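In the two assemblies presented below, chain A is common to both, partnered first by chain B and then by chain C.
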Partner chain A sequence: MFEAIAFYLFSAVTIVMFTITVMSKNALYSMSALAAGMIMISGFFFLLGADFLGVVQIIVYTGAVMALYAFGMMFFNTTRLVEEKVRAPKLVFLLSGLSALLLVIAFTAPIVSDHIEAIYPVVDGVENPQAIGIVLFTKYLVPFEVAAVMLLVAMIAGIILAGKKMDESLTLKVDADDEFQKKGSK
Partner chain B sequence: MTLTEFVISTIVKILVVLGIFSALAGFGTYLERKILAFMQRRLGPMHVGPYGLLQVLADGIKLFTKEDIIPQNSVKPIFMIAPIIGAATAFIALAAVPLLPEFEIFGITVHPIISDVNVGVLFVLGVMASGLYAPLLAGMASANKWGLLGAARTVIQLLSYEVVTGLSIMAPLMMVGSLSLIDINNYQSGGFADWIIWTQPVAFVLFLIAGFAETNRTPFDLLEHEAEIVSGYATEYSGMRWGMFFIGEYTNMITLAFLASLIFLGGFNDWGFIPGALAIILKVSFLFFFFLWTRAAWPHVRPDQLMWLCWKVLLPLAVVNIVITGLVLMI
Partner chain C sequence: MITLSHYLIVSAILFCIGLVGVYRRKNLLLLLFSTEILLNAVNIGFAAVSKFYGDLTGQLFAFFIIAVAASEVAVGLGLFIVWYKRRGTLDVDSMQSMHG
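The block that comes next holds the complex of A and B.
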């Protein structure tokens, strides 16, 4: 009974939160609602007994990804409303509604016809993180390693892009410019 | 245990933890003022009650009855929610921390942990990490430049030091082979010589430094650095909403002290003739005192020094520590 209550509670809150994210004109509302929705999704993982994935959901999406969005938001004035210009609102509504419906059908179809089969069923007596480790290092070894290499490449590229002129001090540079301008005005 | 018993015991535990830890957070402010005063050769609070003990109560009355000011141009709902996020995440993080060893009271065995998830460490760190939304949203919603600067510093500081916390904890976790705090505690059940701090001293130091940064304590309290950005994200806050940030910060400090003593200092195992429950309370108190000691002894760092320390010193050290631990474990 508790699981059912929790499930409906989490799903209702998740849907409300993501609706606010899409509908709100205030960037700050959208951002906080998106973060809250991400946390609510982790509730489903906990309900399904996937503790590890639930925690990873909180750490990665709420802790890291959303915080970076928030950092981006600081370049705008978040206390003002964002006026969007939508040329054909009906078309946008129709297209997004249709794609959402298609996604739901695509993901529920196998459940209806009972064709879902766990190739790697959960082994009894194995804890959650270990079960994920077993699957990651057997079935999904290649994608896992490829993702790791790609992340490394991205990290090195990021460091090189950001670190090119790191040793130059911006404040010293501004001072030098000011003095140059003073001399010029004389 | 039936479902009703489970529900009732969980609710009782939650209420007890909430009550005790919000009281401790209040008492923590008194301790902080007293210890700082002691180290600076002052008296500290002396007038309210014996040795100023009732100062906490007076402060509480002041906070509760103060007018709750909400600035005109702020985003009001977010401005009002932000402090609640701060206090709530701090308390939710405590849910997966085993506070004391099992004990019996009135013939009932009590497990002093609200929810024993088998990924306890990750849960606590993850929820503490999402506590960064409190200062972040507060700063962005309050339509104040100091607030915005404070929020920007929050994101930089907390995101950077989360990486160090995670990496520093990785080495002890590799040795234990479990993410459950109870398993980590049982791993060190052999006594004083089994403490993980003896095999992982580097990880312990890194974890403490990153913990100071994550709980916004003095060498790294740049989020609300009075001399530079007034009060950072909390500039526009007053009354109980400001108090909630404070409760959250102090609860985070206590959670971090619990984590450090569970992972590195032998947890709630018996320590010689000292029973386990007393042992962990002593360790947590010492770490709390250590937080205050550092505040009295060290000046602030500059923001650029903070980033330099994180990415150029602590992070490489943590990675090297993990590699060496892995090599030793493999051989």
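The block that comes next holds the complex of A and C.
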């Protein structure tokens, strides 16, 4: 009973928040709505018994990623709106509808789901974070290390792209490039 | 009673919202936001499958997706800052330099 109430509440709020994110003209409102939606998604994870995933969702998304977006937006002039004119609105909704149809077909396909067996079953007698740790540090140790290296590379890339004078000299010559751009936009 | 299909349907709806965002918006920042929505929708699906089949692999995939999303944001925002310093706009249409 409570599970059903919580599920419908979380799903309604998440869908509304993400719709605001996608439709809002103001980038700041979009970011706030996105943060709220992320918190609600962590509610889904708690509901599903994935406690550790829910905590990671709150810490990483609403803590780190949203703060990064907030700091990143200080570099941009977000009050000056990007002019948005959808050239073919019908095509957009047609494509989205087709993708939705494909997704529903994929999810309701009964052939595959009958043959699914648990490779790494949930360990009995331990809490969710402990079970995650057992599987993560035995079966998924190599992907874990690769993910660590990937995060390091991303950190270095972010620092260098934002901090060094990357906007002045790259392989392209900036002046010629800008001139070309002006000519093209006429 | 909430079944696996409920969670998968919510996941699909959120994925479609993200797709509409990717197709529709011209602001580069909103493009990144829509990508986050896509990744989160998939995460819900993984966690739901993980619970209803009693397998932890789904949750671990969700962790790796979160790691990928975090690094994507770091690199993507860095690239956008460089782009904004060069061109002064975040319009997707400003990114074409070839006019065919």
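Operating definition for what follows: the second predicted complex is superposed on the first by the 128 of 186 C-alpha atoms of A that agree within 3 Å, B and C clash if a C-alpha of one lies under 4 Å from a C-alpha of the other, contacts with A are read in each partner's own complex, and residues count from 1 in each chain.
The working rule: a residue touches a chain if its C-beta (ideal position, glycine included) is under 8 Å from a C-beta of that chain, and two chains touch if they have at least 3 such contacts.
As the structure is a prediction and not an experimental result, all values here were calculated from the model.
Asks: With the two complexes superposed on chain A, say which partner A:L141 touches: chain B (first), chain C (second), both, or neither.
Replies: Neither: A:L141 stays clear of chain B and chain C.
Asks: Between chain B (first) and chain C (second), which, if any, makes contact with A:I105: first, second, both or neither?
Replies: In the superposition, A:I105 touches no partner, neither chain B nor chain C.
Asks: Who does A:T21 touch here: chain B (first), chain C (second), both, or neither?
Replies: second
Asks: Per the contact definition in the header, classify A:V149: touching chain B only (first), chain C only (second), both, or neither.
Replies: After superposing on A, A:V149 lies clear of both chain B and chain C.
Asks: Using the superposition on chain A described above, determine whether A:L9 touches chain B (first), chain C (second), both, or neither.
Replies: Neither partner.
Asks: In the overlaid three-chain picture, which partner chain does A:F44 touch, first (chain B) or second (chain C), both, or neither?
Replies: Once the two structures are laid over each other on A, A:F44 reaches chain C alone.
Asks: Is A:I58 in contact with chain B, with chain C, with both, or with neither (first, second, both, neither)?
Replies: first
Asks: Which partner, chain B or chain C, touches the larger number of chain A residues?
Replies: C
Asks: Now for A:L95: first (chain B), second (chain C), both, or neither, which partner does it touch?
Replies: A:L95 sits against chain C, while chain B stays out of touch.
Asks: After lining up the shared chain so the two structures overlap, which partner does A:M73 touch, if you call chain B first and chain C second: first, second, both or neither?
Replies: In the superposed model, A:M73 contacts both chain B and chain C.
Asks: Does any part of chain A touch chain B in one structure and chain C in the other, and if so which residues?
Replies: On chain A, the overlap between the chain B and chain C contacts is residues 52, 56, 64, 68, 73, 78.
Asks: Name, in rising order, each residue of chain A that touches chain B in their complex.
Replies: 2, 26, 28-29, 32, 35, 39, 46, 51-52, 55-56, 58-59, 62-64, 67-68, 70-71, 73-74, 78-79, 127-129
Asks: How about chain C: which of its residues touch chain A in the complex?
Replies: 1-2, 5-10, 12-21, 23-27, 29-30, 32-34, 36-37, 40, 43-44, 47-48, 50-51, 53-57, 59-60, 62-64, 66-75, 77-82, 84-87, 89-91, 94, 97, 99
Asks: Could you list, by residue number, the parts of chain B that touch chain A in their complex?
Replies: Listed in rising order, the residues are 3, 73-75, 77-78, 81, 117-119, 122-123, 125-127, 129-130, 132-133, 136-137, 140-141, 143, 148, 151-152, 155-156, 158-159, 162, 178-180.
Asks: Quick check: in the complex, which residue numbers of chain A touch chain C?
Replies: Residues in contact with chain C: 3-4, 7, 11, 14-15, 18-19, 21-22, 27, 30-31, 34, 37-38, 41, 44-45, 48-50, 52-53, 56-57, 60-61, 64-65, 68-69, 72-73, 75-76, 78, 82-86, 89, 92-93, 95-96, 99-100, 103-104, 107-108, 116, 118-122, 131-132, 135-136, 140, 143, 147, 150-151, 153-155, 157-162, 166-167, 174, 177-178, 180-181, 184.
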